[in-house]
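Some notes on the structure that comes next.
Chain naming follows the written order as A, B and C, and within any one chain the residues start at number 1.
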Amino acid sequence: MSPTLHSILAFVQTWWVELLCAVLIVLVVPLVAGYIVLVERKVMADMQARLGPMRVGPHGLLQPIADALKLLIKEDLIPDNADQFIFWLAPVLSMTAALTSMGAVAFGPWFQVARDINIGLLFVVGVSALGPFGIVLGGWASNNHYSIIGALRSTAQLISYETTAGFALVSGFLLAGTLNVRAIVETQRTDQAWYVFLAPVGFVTYLIASIAETNRAPFDLPEAESELVAGYMTEYSGFRWSLYFLAEYANMIVVASVGTTLFLGGWLRPFPNVHWLGWLDAAPTLLLVAVGAYCVFRAGKQPARVQSMFMWAVAFGCFVVAAIFALAAPFRHLPLQFMHDGLYGAFWFLLKVSAYIYIFMWLRFTLPRFRFDQLMRLGWHILIPLALINVVDVGIALALSSEFGVNRWLAMAITTGATIGAAMLLLRWNDKHAAAASAALLADSSVAEGTHAG
Amino acid sequence: MKFSRPCRASGRAIQVQPKVPGSMADESKAPQSPESSQPAASGSTPASPAAGASPISPAKPAAPAPLQVPLDNDLCRRYRVRFGAAIQDALEDRKQAILIVDAGQLFEIACYSRDEEKFDLLEDYTAVDWPRREKRFDLVAQLYSFTHNTRLRLKIPLSSAEEPSTLVSVWPAANWLEREIFDLFGIAFRGHPNLKRILLPDEWQGYPLRKDYDILQQDTAWVRENLGIESGQ
Amino acid sequence: MNILADTVHENIAPKTETLLGADELVINMGPQHPSTHGVLRVKLKLDGERVIGSECVIGYLHRGVEKIAENRTYQQFAPYVDRMDYVAAVSNGLGYCEAVEKLLVVEAPARARVIRTILTELQRIASHLLWLGTHALDIGALTPLFYCMREREEILKIFEKYCGARLTTHAFRIGGLQYEAYDTLEKDVERFCKDFEGRIQEYSDLLTGNSIWIGRTRNVGLLNSADCIALGASGPVLRASGVKWDLRKAMPYAAYDQYKFEIPVGTNGDTYDRYMVRIEEMRQSRLICLQAIENIPAGPIMARVGKVLKPPAGEVYHAIEGPKGILGYYIVSDGSTQPYRVRIRPPSFINLQALDKMIRGHLVTDVVAIIGTLDIVLGEVDR
């Protein structure tokens, strides 16, 4: 046996759990992204008084697969004047950054590729910050004016909002005292509070910044379809386009996971230390049983044989996982416990991530899009100062409670009040200046007037 | 786009005044009960010979009513005093006032209409081709006055060699309208800032709204060259 | 109209100093672009994202409607006008039929005039709804479009029940109406109007007080009343700049003199005011419909105009207040069965002239908002 092969085998033997997780992520994320799209379309349809996709599969359940197939067999166009290599590289870069950053995210206590990496969330933030390179390079390499405008908008936007998101995360890190993902969740258990309650302003600024970071409406200026056609993606088609698309949705999962981990208690159930809420532990089991029962109930009524088989399969899956949940409690000494903790944590974690992503969708279908100068003003005049003030205030609160023995909740309430007051002032100040700024913009342009008629 | 207003006094304070009875605007019907279905042109001019027998009757070409009558009201007199022979004729067609004016004084008449007579809106500007006439074209401008709530139509007879002066500096609205006239009739306007085709391709040959432009004789060369097909007609 | 994109550099304002001393960027917005509402092409000269010059290139949809008219009889041409502003076909038809009636010196019977008024006001609501939905979509609000389409569908159903067509209706005939109102017309219109009040509130809730919406529309695309009149802009664009003027009041046609309604006006002449004016216009149109169905007079629906129309020689200009502005028809007759010349004064075409003035100094993002707020239909611009 050659030494190379031997060392590879040794590597696999040591790291097989992590490798398995990595493979799972690479395989599953595209599918999950596809289904997030389906859910998004269904949510959108629901908000817009219509049905959404209904044709492919029962209630359009196979639509993502049909879409993926269509994208794969589409003609792969590269514009003549494009920079071929960078045009090829850019979407790959975006996708790689998004998937790599998932490596440090823990989906439940057991499912994490880079287990116990001590810089945890810093790694996630750092790697996902590489994603915009893909966007900028793609926009530049396309040799298209719309693309370049989209790419430039994206650069400015991501720089501004990464800063905000970073500061917002710092307020959480201050509370947790660590960057390690698992440790952050565990401190929220021992602190007996999710950090969203201790640093609400931090959470809100992170929420806004994370929407902007993932280029979602109302901050979707880099790809604003009504202005820039498709922004940096204008010249992309087929599979390359779908890589960008996957990267966007993978990024959504990443930012939602980071937010969940740091502010929403990760895989802890709501109020993990309140005993009379202990029945919540049974919630996943009951929910799965209910879903399974519903599927069994509906299976007989499906018009096509395939559909009823599909229903049976779903029901079976639900029952199996429910059985694992239910049986793990009495047989704690069996290896089942390992699976139970993992699945149980993943249930709550994914539930929170879904809720977080639902907020993204909700905002997207409700709000009009910002204009670029308004976006920048919101970022630099309001969110960044606010996030900075919040960091200082959280620090003060921590000092008050540790050095002067003030009640933790009282300290947090006082400082949060101060932060919100500062936010009010910032908003008022901004309102006053926004009108003046846009007037100046217009006045500035009067030089160009009178040169052309019609 | 800069609007030069060489002879404009104030310009704002627009109000719609109730229609003055007896003013020459025809369009606003006098208040009438919905049941009384009188012909539109009832009043001083009997519209139809059969008006007594049947209130709604077809206009029979066999017995044409005097639909066109000479116009002689204050407005017309003021124009005549001011411009004399440049106002070639004034008439009313179906109660709508028409001034036929000389192309040479078009710009001055336009300025006067806007500033003195308060016809501040150039509602429409177009042309009509009469190939058998000596002066082949009629330029037709529909003016509207917000102050008096009246319309006035200026008709400018024009031979095919003449180049009327542009009205863009009087009513900026004339910009595209003149380009359209140039495009479809081939009338060139002197002093227009950007006189080129607007609806048809720049390279198009011929002027489609002229009567001698046969609809079957399109610019087949252009179609062949640019669209790569034989013209379908 | 140049087909080659390479020629875009000509004719847009000469070189000006850019903010960072960088090159100007010329982009070609349209004719294939999601929010130029058809095949409008705007050459934009940009300094960064700021517009420093523009030129509209139109004519991609030119069909020579005015030439076609010269080769059709008066009745034959009537369906063609529906194809100009194809989202407000009923209004186009009303203008044309009334113009020819004026030329013939006949007037439609009272019953026909009232039914025409009802259908035209419904069409105004439908046109404004489509505008609202697409305008909101341009600014990035996805949802109002579907609500607007839902309401517009109700109106189109009424048209379909009345004359069998939904879009290019050809609802009116010269001299009156071809079809008697169907039995439940009043009831349908009443039901629509009853529901519509609440629905319109829904759109307002989504947009009117929304601070992003206000930020995107306030002080965007300013056009004061003097400029509006100078440029010939009419309809909601004119009214939003504070001119309280509406042809339905100034020179009433159809049956508008019988109904009470207000003319909504704005103060600023910006995109937000135009939005508010159109929203309020829908409310007023609803009120007109409600008044009209109260009392539809009995009687004939067609004046006696004969099968062959030979208007006496002469000419007439007749304009109505279309959903987009003054829609005028200038018809010259030489006494034959075919019009000698038909000139259509298209509101969209003339309103579009104001675009260059409105977008200068704004960002690319505002350009789509301003194109949207002008409410143009390219079928009418290009004719």
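We adopt the following convention: contacts are C-beta pairs under 8 Å (C-beta built on N, C-alpha and C of every residue); 3 or more make two chains touch, one makes a residue touch a chain.
Computed from a predicted model, the values in this text were never measured in an experiment.
With centres computed from Cα atoms alone, the innermost chain of the structure is C. Distance from the centre of chain B peaks at A, each centre being the average of the chain's Cα atoms.
For the pair chain A and chain C, the distance between mean C-alpha positions equals 43 Å. With centres set at the average Cα position, the gap from chain B to chain C is 22 Å.
Look at where the CA atoms of chain A average out and do the same for chain B: the two points lie 63 Å apart.
Contacts with at least two other chains are made by residues 11, 353, 356 of chain C.
Along chain B, residues 1, 172, 175-176, 194 each make contact with two or more other chains.
Shown for chain A are the residues in touch with two or more other chains, namely 449, 452-454. By the touch criterion stated above, chain C contacts chain B in their complex at residues 1-3, 11, 58-59, 62, 64, 66-68, 71, 101-107, 109-110, 113-114, 225-227, 229-232, 234, 243-245, 249-253, 255, 257-258, 297, 299, 303-306, 310-312, 314-319, 326, 328, 330, 332, 335, 340-341, 343, 345, 349-350, 352-353, 356-357, 382-383. Put simply, chain C touches chain A in their complex at residues 11-14, 16-17, 25-28, 33-35, 49-53, 55-56, 136-143, 145-147, 150, 206-207, 210, 212-213, 215-216, 219, 222, 353, 356, 360-368. Contact residues on chain B toward chain C in their complex (touch as defined above): 1, 3, 5, 11-12, 14-16, 25, 27-29, 31, 34-35, 37-41, 47-48, 54, 56-59, 61, 64-65, 67-68, 93-94, 96, 98, 120-124, 126, 128-129, 140, 142, 146, 149, 151, 153, 171-173, 175-177, 184, 194, 197-202, 208-209, 213, 215, 226. Interface residues of chain A, counted against chain C in their complex, comprise 44, 47-50, 145-146, 149, 153, 217-218, 220-221, 224-229, 364-374, 434-435, 438-439, 441-442, 444-449, 451-454.
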